[in-house]
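First chain A sits with chain B, and in the next complex the same chain sits with chain C.
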Partner chain A sequence: MTIQVAPPAVGTVQGVRAGAERQSRLLVVAEQECRDLWTSGRGLILLFLFSVLLSGVTYLTSTNQALNFLEQRESVNLVLQFAVAVGVLATLVVSADGISGERERGTLETLLVTPVPRRSIIGGKLIAALSLWFATFLVSIPYVWVLARGVGILGRALALGFCVGTLVAIGLGSIGLLISAACNSNKTSIAASIFLLLILFAPTQLPSGLPQGWFFEVLLRANPVASGLAYISSILVEGHGWTQDLALLITPLLTAIIAGGALILAGPRLVRLTRGVNSE
Partner chain B sequence: MTSTTIEAVRLTKQYDGRTAVEDVSFSASQGEIIGLLGPNGAGKTTTIRLLTTVLQPTRGEFSIAGYPSTSSAEIRRCVGVLPESSGYPAHQTGAEYLRFYARLYGLSRSQARGLSAELLTAVGLEDRGQSRISTYSRGMRQRLGIARAMINDPVVVFLDEPTLGLDPAGQAQVLNIIRGIAKARDATVVLSTHLLPEVEEVCSKVVILHNGRVLVSGSVGEVIKTALIEQSAQLRVPLDLVERARNVLAGFPGLTIKQTAEQPELLVLAVDRPGTDSAHREVMNEVLAAVTAAGIPVLRFELEGARLSDAFLKMTSRGVT
Partner chain C sequence: MRVALLITLLVAVVAWLPAPALATAPLSVKVVAEPPHVETVLGGRFMITTEITNTGTAPSGEILAHLNVASIEGSVYVDPEDWSPDRSQQLSLQPGESRKLSWEIQAVNAGHFAAYVVVVPFGNKVAGNEALVISPLVDVDVASKSTLTAGGALPVVVMVPLLLGLAAAGVVLRGRRRGQDR
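What follows is the complex of A and B.
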């Protein structure tokens, strides 16, 4: 028996050519990557774990607040910082799987032989990774709302969390993809990304009672995560204006611009069958 | 009129000082099925990756459907590829998978839906299109991969080991699909495989690679001829009739008869000066007729040296033409 594989109708072929001019392949890749992330269960599991952790943190914070160990503003700040930090961590983990994961699963080559520009492939993956940050932010809204009732900082807290978190997520998501492109093994890529994040979180874990000299200040300002969280804290807890400590956002902004720019510029040389820019 | 769809000239690829392929040149025309053969590590996959623009050649040039190697985006629009050990997203359905690739080639959602259904039918997966790929057998995944390679109605289709790990029924199914692609779509198919009898059956042209170089290319007949294999035949008769058979065969001038102590009932026949293939076959037909006319039952009669596998083994073991 010979199976006849007939060519598609003429209209379809013309549709391929005409449609190719119109459609944004970046969005097609992003849509598919999002679907992969959310329907495969990976995104939902991460979101579930996030909500469990956030529930625990919110419970502890609210009990501390009830016992007068924490002020209400501090409670909101703590929960929001946790939401941003863990949301960004999830984004980094997903983006770290982006290229190296495809290499390991053997699905990258089929993408590379399509006419989709490699920048679109990498851009689509970044958008999908950011979707996890947006989802974690949505989940955290009711928690922040519960804690922020009565002090009139709900809107400010949510806007702050969204802006700072998105900025940090873009930067770290891009770094995650760059690491992923540089690693042949998915385990190496994810381990390297988490290690990076732990280094970035380290300054935020130092006890507040410690003397904080110039070295701490440099460490804080050079770190996109720590400086972003410090900006949230300065507005929510210390009551500073939006522009007063704007310098704290320079590092998150620069990280997003430099890492995102590197991704756009080096993307075509990074999305390859094997790691490294000179491997092919 | 058929046109040249693949033109590779002295393609060379080196990685870190190691040469994967060197001076690979061949051409192919519309509707042809080219068998890309060679032992493991011969450079088949690298050649395919070069021609599909996944890798950049270190030296040499090529064109696909008239587009030079520098026009990688245009080349990718007109080729379909089933890579070796291609992975599949296990949680997607076959239809979803094809729809995604159709949309990457610029089709709208409705066009992609229609085309995916059409291709699933073409590869015999119409009943499993809504099942997750994780539930597919290896043969079904390979057929799905071939359907994906056809999504852009390609001018050239590259299939890297499409029958790897398939049972005989699965292999036959895949080969039938390949025949269909070349026939119905008039596409050039480059088939990298180790299934030499099937290559002999479906391929109009063969390129044998060894250690990254082209050993020989041409039609199956030309390749066998290039190998200069000594043509012979094996005749097996009942043990008690061997002497009678030898007496009959002695009447053929120039026919050499060899017999081994391990298998005395097996006679290996060779013609000293066979001339052309057809002359050799003619002599052997006369031999067979004479033996049967003498009332000797023939238990087995097989012509040796006329198969692609013989030529392949001979050429790849000596490594030169």
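What follows is the complex of A and C.
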């Protein structure tokens, strides 16, 4: 990635504009990262694969007799949870490539010599990764619409998916960037991120017939993905109010705050050149 | 002294011998289920209530009420766990006491079914030859329903990946052409 940015403001006169310039640099990095993601076709290919998966699930939900016993609200819930989960996975994969990918491709040096604060670099990369989440959410709208029409839950389902998904995506995107900054190899970074996501998804796959004691409850509440998806279910399927199970959103919120905070605080130290994997 | 010693020995021997198997008293409980008939559609949720009363003169001890579902027409495969994830409730009743238990059920197959609750003794003192107490059948009639159809979802299922695939192919091809021009 190559960025052309004006030199940083120096002196008292320019000091007033420092904040605004920092913000504009963040936007410059974000714009460049988004351009890299979307004009290279990488983002669109991920979106295409996402839509194929979502089409499969929607088609099965609407036709398969074994699944057709589901109430329509449960079908909407199933597809929405799938959309959030895969959308977050795509965000994590893109953010896991953020720093380690630049290191591996040898473009991090060029990026570091540009007059852009390292925090802006990290922030820009996070925004670019989140753009993929927003795109997957946009793609999932017609699928949710086709299942939710006639039940009167379309607006609620979309608002829920957007809020919960964005919260989880910010948290996991930040974690992905932290992992990426700590890893020398892109393969290690992506493998570690996917492994982390699998660990987080595992509790959501436990059969509902299993005895669910306090340990399961702790596991559910400590897991940002599982608790976020449980919050969606509680409102869409069980018909709870927005505030009734709000405690389920504590972990996704804390993850976003802690991981995002760690990224802002430790990011400048983590984004640095290291000895490459082939230099030994 | 000798007599006392003999009596003590006899008592010790009798105490050491295993107790003869006692005839197990039948459970003195009565189970009533409500409603007697349920009509619903595939995927529909409904609730049945059972009232268990201890009709005996002694406490029931620990007992277990267990819900079961069986198909009574055709050859529909029934997995009761799919119908209700919480199918067992443990309780104990004093003489004359009764307890109402609710069972939340979701109809996951279409057809004609019977739901019933069986009461069994519970705990490690169960000998294994006790009689069971069963509620009357709740007749469940489940009509098939197709809430979603392939026809309704097909345009979205086909068009969205098609458009995104074309867009992705276009962007990738344009990028390659630009690379070749340079």
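Going forward, the second predicted complex is superposed on the first by the 246 of 280 C-alpha atoms of A that agree within 3 Å, B and C clash if a C-alpha of one lies under 4 Å from a C-alpha of the other, contacts with A are read in each partner's own complex, and residues count from 1 in each chain.
In this text, a residue touches a chain if its C-beta (ideal position, glycine included) is under 8 Å from a C-beta of that chain, and two chains touch if they have at least 3 such contacts.
What you see is a predicted model, and the numbers here were worked out from it, not measured in a lab.
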item: Which of chain B and chain C A:Gln244 touches, first, second, both or neither; value: neither
item: First (chain B), second (chain C), both or neither touched by A:Ser24; value: neither
item: First (chain B), second (chain C), both or neither touched by A:Leu273; value: first
item: Partner touching more residues of chain A, whether chain B or chain C; value: B
item: Partner chain in contact with A:Thr39 - chain B first, chain C second, else both or neither; value: both
item: Touching partner for A:Leu112 - first (chain B), second (chain C), both, neither; value: first
item: Shared chain A surface residues [contacts with chain B and with chain C]; value: 39-41
item: Residue numbers on chain A that touch chain C, as the complex places them; value: 38-41, 44-45, 47-48, 51-52, 54-55, 58-59, 61-63, 68-72, 74-75, 139, 142-143, 145-147, 208-209
item: Contact set on chain C toward chain A in their complex; value: 42-43, 45, 81, 85, 107-109, 145-150, 152-154, 156-158, 160-161, 164-165, 167-168, 171-172, 175
item: In the complex, chain A residues that touch chain B; value: 1-8, 12-13, 15-23, 25, 28-29, 32, 35-36, 39-41, 105-107, 109-117, 273, 279-280
item: Complex interface listing, chain B residues touching chain A; value: 15, 49, 52-56, 73, 76-77, 79, 81, 83, 85-89, 91-92, 96, 100-101, 103-108, 111, 114-115, 118-119, 122-124, 145, 148, 150, 152-153, 173, 176-177, 179-181, 183-185
